[in-house]
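So, here come the structures, one by one.
Each of the two complexes below includes chain A, the first together with chain B, the second together with chain C.
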Partner chain A sequence: MSVRPLPAGETTTWRASAREWLRSGNSLPFCLLAPSIFLMLAVIAYPMLTGFYYGFTTGSLLKTGKFVGFDNYIRLLQSADFLHALWFSLIFAVFNVIGCYVLGLGLALLMNQDVPFRGFFRVALLLPWIVPSIVSIVSWRWMMADQHALFNQIIGLFGGSPIYFLSDEHWAIAAVIAIKIWRSFPFMMLSLLAALQGIDRSLYEAASLDGASRWNQFRYVTLPQLSNISIVLCLLMTIWTVNDFDTPWLLTQGGPANATENLVLLAYRYTFGRNDVGLGSAVSFITLAILMVLVVILLRRQRER
Partner chain B sequence: MAHSASPNRKRWMMFWLLVVITIVINLPIILMVMNSFQTTEQLVNRTSILPHDLTLANYRYLNERTNFWTFLWNSFTVSGVSTITSAAIAALAGYALSRFRGRLITGYSRALFVVQMFPIILALIPLFMLFRSLGLINSPWSVIILYTVVHLPFATWMARAFFDTIPRELEDAALVDGCSRFGAFVRIVLPLSGPGLAAIGIFSFLFSYNEFFVANVFLRDQDAMTLPVGITMFMQQYSTDWGSLMAAATVTVIPTFILFLGIQKWITYGAVSGGVKG
Partner chain C sequence: MKLFGNAPRRGRARVFVRLATAAFISLSPLAAQAQETVKLNFWDMIWGPPEYIDSAKELVAQFNKENPGIQVEYRSVPWNNWYQTFVTAISSGTAPDLSTGAGYQAVQLYDQGAIRPIDDVIEELKADGELADFLPNTVDTLRYDDHYVALPWGIDIRVWFYRKDLLEQAGLKVPTTWEELRAAAKATTKDGRYGIVASGDTGGSHFLYSALLNNGGGLFTADRKLDLRNERNKEAFDALAGMVADGSVSPASTGYNSDDRRAAFNRGQAAFTLDGPGLIAQAGDQAANIGVVPPLAGMHGDKGTIFWVNNIMVYEQTKHPEETKTFLKWWSKNQLPLWTKGQSGQLPTRASIAANDYFKNDQARAFVLEQYVPIGKTTATHASGIFPALNDLEGEGAMQAFAQELWQGKPIDQVVDTAEARLKSILKE
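Moving on to the complex of A and B:
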């Protein structure tokens, strides 16, 4: 393009061509996506970049502080709180994924049979998933709150001594994981049931013609057919568990003595409890980095399919 | 068959097995509803698991002495508005994903995927500071904006899947008749996707209505709180008043159940397209 001063008429032709681009079908995909792109830039991209910057500062919620380089990250790597949160996030994710996969697959296999009123069970077993987190936690807390609570009454019937589920560190961790499994198995069950129903019947017919037992049919037909979707589901569930705030916060607020504090809770406590935006942002950024690794693996998997 | 049990007997054995499993799994919810009709003294001193001398005292207390109805109203406004905004925006984007191909579209669907996995705490910290300078803390808009974006991935994928089922020939005919591409979308495709958009809307409403974390960060004033945040206030103030807590939780869950029954036949579809498709 030659460089020359733009005459007045040129701007109108630029405008005219912009108008024409807007009128023609070519601009339509962009226009359709414009509102959501704008929102994603404002609510995800902008905070992500500012958050990244905050991670290198000593800010409070009231004013941004000065730039301190990697100080926050170095402090985190040396802090027992952070290492514990990292460890708990890992434990929480691993046990939840295993637990809700096993439970979900078991129930999906049961419901894939010809059972009377199957539709009813399918709906009734989804309830733990759709009930608001606060509602389920209120009810679980009531069952395990103190030595007079339901679980301890039942333990008492069998002559056991009461268990302090929410004030003993190990039991609190177990309780958070158990409730998370309870809240997330329906998603696994639903997705695996859909996958089971998608398996080609003729594979089973061929297997039973070859004399394969029920177990061998499951082992050599069902499981391999489910392997792809299972990996995707487990990765998704890992990501969601790492991101979970509601279950540990509402049940124990991260206690006792921070035993059930995962990375998200730690970031929340640093930012909104201790008013240390720098440290909070650094923790959330590390969380993002961990999740991004999982997301990349997941995207790769899905492209292979 | 080598099995001695007749297929019919086996079916009913599995049925009863599922009945037991369903009751055990839903026990926390069942007990919550039953407990809400017992006073806290009855709950603490009771000897059997089944309730006796049912009472509405907790509900009366909820109605007369707490902000419960304010919380419920806030929940409905926040969920209602964010449902409309996210369904509208997702319908536009879903149409683009369904009908067009290209780098923009590919890039956009990648971005959607990342949004779904995004640790929302990272966005909440800078947004909290931004919203405070804009005076949006305790305003329903702070939460509505967040919910709209958080719902985008699944709402867009669901919308796209619905639009995929509508034959392109219908739009082509409209184009021949002199309709613009966008006009064809509004006049032909949208009216046909009513049920799909309704399902997306109900999903969005459910998610917003159930959401706790975002609301907990932005809504700090009793008058602005949505139900999940409001109930945590009950938990702190009357930590041992289990009767009222159970009543509050029971009323909270009623709209969830009603909406859920409305979309239960879509739910596999929604979970699979929202969660698993990229």
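Moving on to the complex of A and C:
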């Protein structure tokens, strides 16, 4: 696109340049983007920068306190609550990503076959993803809350003693992860099913002619074809799991004895329970930093492939 | 510019008539009155079933009718995220003129410059002889930093309830001491039922507060330093831990929230629980099977339980402090329908309201008012009055985690160590 030359005698001040740029067609895309950029700065950049600053201060939700440098971060690194929340966030993410990927892939492979009532199952298997979290998680609570709940009735039929799933740290961790897997697998299944249907059938025909078994076809054709989407799905699921508030909050409120408290719950507790915005902001920024590192690593790997 | 343009003569006449009418109305006494009407925003927490909101609205309408110069707008505020609601409003300059709130809300917001003290209201009530109408231990609880930060309106308190049917089946009398409670809890633990059902949420921490206050203990020293490990507290924690060791506390307690606990108790799955005075009224067809345990004598004969003096506070952002105080005094004096029509779960802080037949006819509430309210103590015990850190202490969940670990049967010394470290961190000691 050509730029109109300045008239003779006009000084090339920044104002003149700006006016010239505005008159030229080059400015149009920026003008169209400006409202969106402004909105994003207002609702994302400003709160983020403010939150980042709060991480270096004391103070409550009403009053910003004094600047304390890295004190909040140092306190966190020395805090057993924070280290536990970090550990729980890690295992929560790892087990959920593995669990929902394996389950999602298995069901996607099954739904990709010509099984009876395939349409019905495809819809039915999406239900855990569609049902609002408050409904599904409270229902799970009822099924496992005490000795009279459904799970313990079933255990009782086989002569077992009741298990207090929400009263024991280990069972509570297992329950939170299991329910998160249950809520997450439909998304994995749906995405992987779409990717499976996009694989060129001739690859399987060629493998079959070469005498490849079903397992080898899966290993050398299906998995490599799914690798790119798998990386993206695992990346997204990791972010969603680390940021998950609903599942641990509605099921256990982070208990018992903070066993199922992840970084997001900890940030909430410090900010709104303890009214310590500095400490809460510091937890949030450490969570953000961890996720950013993860995103960079995974995106770089994806680009290399 | 032509004012009337090319409008026909009839059109001009119509415009003149309209202008004259508008001028007449704007200069009339009616308009002057409308201009002088002060608008107040009153935010009220939900202190009862849906009928409560209707009765509160009716009460506000009655005030507006009796006070044409003041128009109060009523807004019902849900408990979910209540603190964020108020803090956001204050930060953005849209705080109400006055609001009701939980026990320690006023003192915490006062400490941050958001609440206007009501010393003058207290003085006026004193001069009118109305201050004596407030139950002992209520008005002074809301004194902080030599100022009254709010006016009491309702009491929330924790009392022990028992299942009449389960005690009858076991041939037991209603316990009167902690030792008897422990024995009764043990005796009623059988056939898949437990002596006590507790919870792992905030309601779970009330078992701890109640026990230590019952035994003459308290979380603080007189100068507001944490005193978790004093002898009386230790005895109280040991008593609860003993009941867990006996197997008398439902193992599901750690994972229960208060609704689960209440439901289990109402289903007859436990003989005792600790709850607010409204438990029986909410028990439906099981109400007749539930009774209130008289205040238990602690190990040294002390009596006591946890209570919260919920209150009405005036905000610094109000532009009409005098009118706000007028409404505050009126509301405090005329709030009986909040119970008689609104079925509020709170107990009144005024003796004149507590003396109403509504409370006298409700045996359980009358019993709690007579027997439990006089021995009610705040979380601040043994410090005098309340102070801002109490809101953080109750909201942060350290005592909740303490209760969860206690119900799990973990060694009590280990549980107290963990709780003490967390409480010190909250209190910045």
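Everything below uses one rule, namely that the second predicted complex is superposed on the first by the 264 of 305 C-alpha atoms of A that agree within 3 Å, B and C clash if a C-alpha of one lies under 4 Å from a C-alpha of the other, contacts with A are read in each partner's own complex, and residues count from 1 in each chain.
The rule is simple: contacts are C-beta pairs under 8 Å (C-beta built on N, C-alpha and C of every residue); 3 or more make two chains touch, one makes a residue touch a chain.
Everything numeric here is computed off the predicted structure, so don't read it as measured data.
When the two structures are aligned on the shared chain, A:Asn258 is found in touch with chain C, with no touch to chain B. Within the superposed three-chain model, A:Ala212 lies out of touch with both chain B and chain C [touch as defined at top]. Judged by the touch definition given at the top, the superposed model places A:Leu61 against both chain B and chain C.
In the superposed model, A:Leu203 makes contact with neither chain B nor chain C. When the shared chain is aligned, chain B and chain C each come close enough to touch A:His148.
With both structures placed on the common chain, the touch criterion links A:Ile297 to neither chain B nor chain C.
In the superposition on chain A, contact of A:Asn275 is made with chain C only, not with chain B. Which of chain B and chain C touches more residues of chain A is settled by the count: it is B.
In the superposition on chain A, A:Pro116 makes contact with chain B only, while chain C stays out of contact range.
Taken together, the two complexes place residues 61, 148, 272 of chain A in contact with chain B and also with chain C. Against chain A, the residues of chain B that register as touching in their complex are 11-12, 14-15, 17-18, 21-22, 25-26, 28-29, 31-32, 35, 43-44, 49, 89-90, 92-93, 95-96, 99-100, 102, 104-105, 108, 110-111, 113-115, 117-130, 132, 145-146, 148-149, 152, 156, 180-182, 206, 209-210, 212-213, 217, 227-228, 231-232, 235, 242, 245-246, 248-249, 252-253, 256, 260-261, 264, 267-268, 271-272, 275-276, 278. By the touch rule above, chain C contacts chain A in their complex via residues 81, 83-84, 87, 90-91, 108-109, 112-114, 192, 200-201, 250-257, 260, 264, 269, 391-392, 395-397, 400-401, 404-405, 407-408, 410, 418, 422, 425-426.
Considering their complex, residues 23, 25, 28-33, 35-37, 39-40, 43-44, 46-48, 50-51, 54, 61, 107, 110-111, 113-117, 121, 123-128, 130-136, 138-140, 142-143, 148, 150, 182, 187, 190-191, 193-194, 229, 232-233, 236, 239, 242-243, 245-246, 249-250, 263-264, 267-268, 271-272, 277, 280-281, 284-285, 287-288, 291-292, 294-295, 298-299, 302-303 of chain A touch chain B. The touching residues of chain A, counted against chain C in their complex, run 60-63, 79, 81, 145-148, 162, 164-168, 172, 252-258, 269, 272-276.
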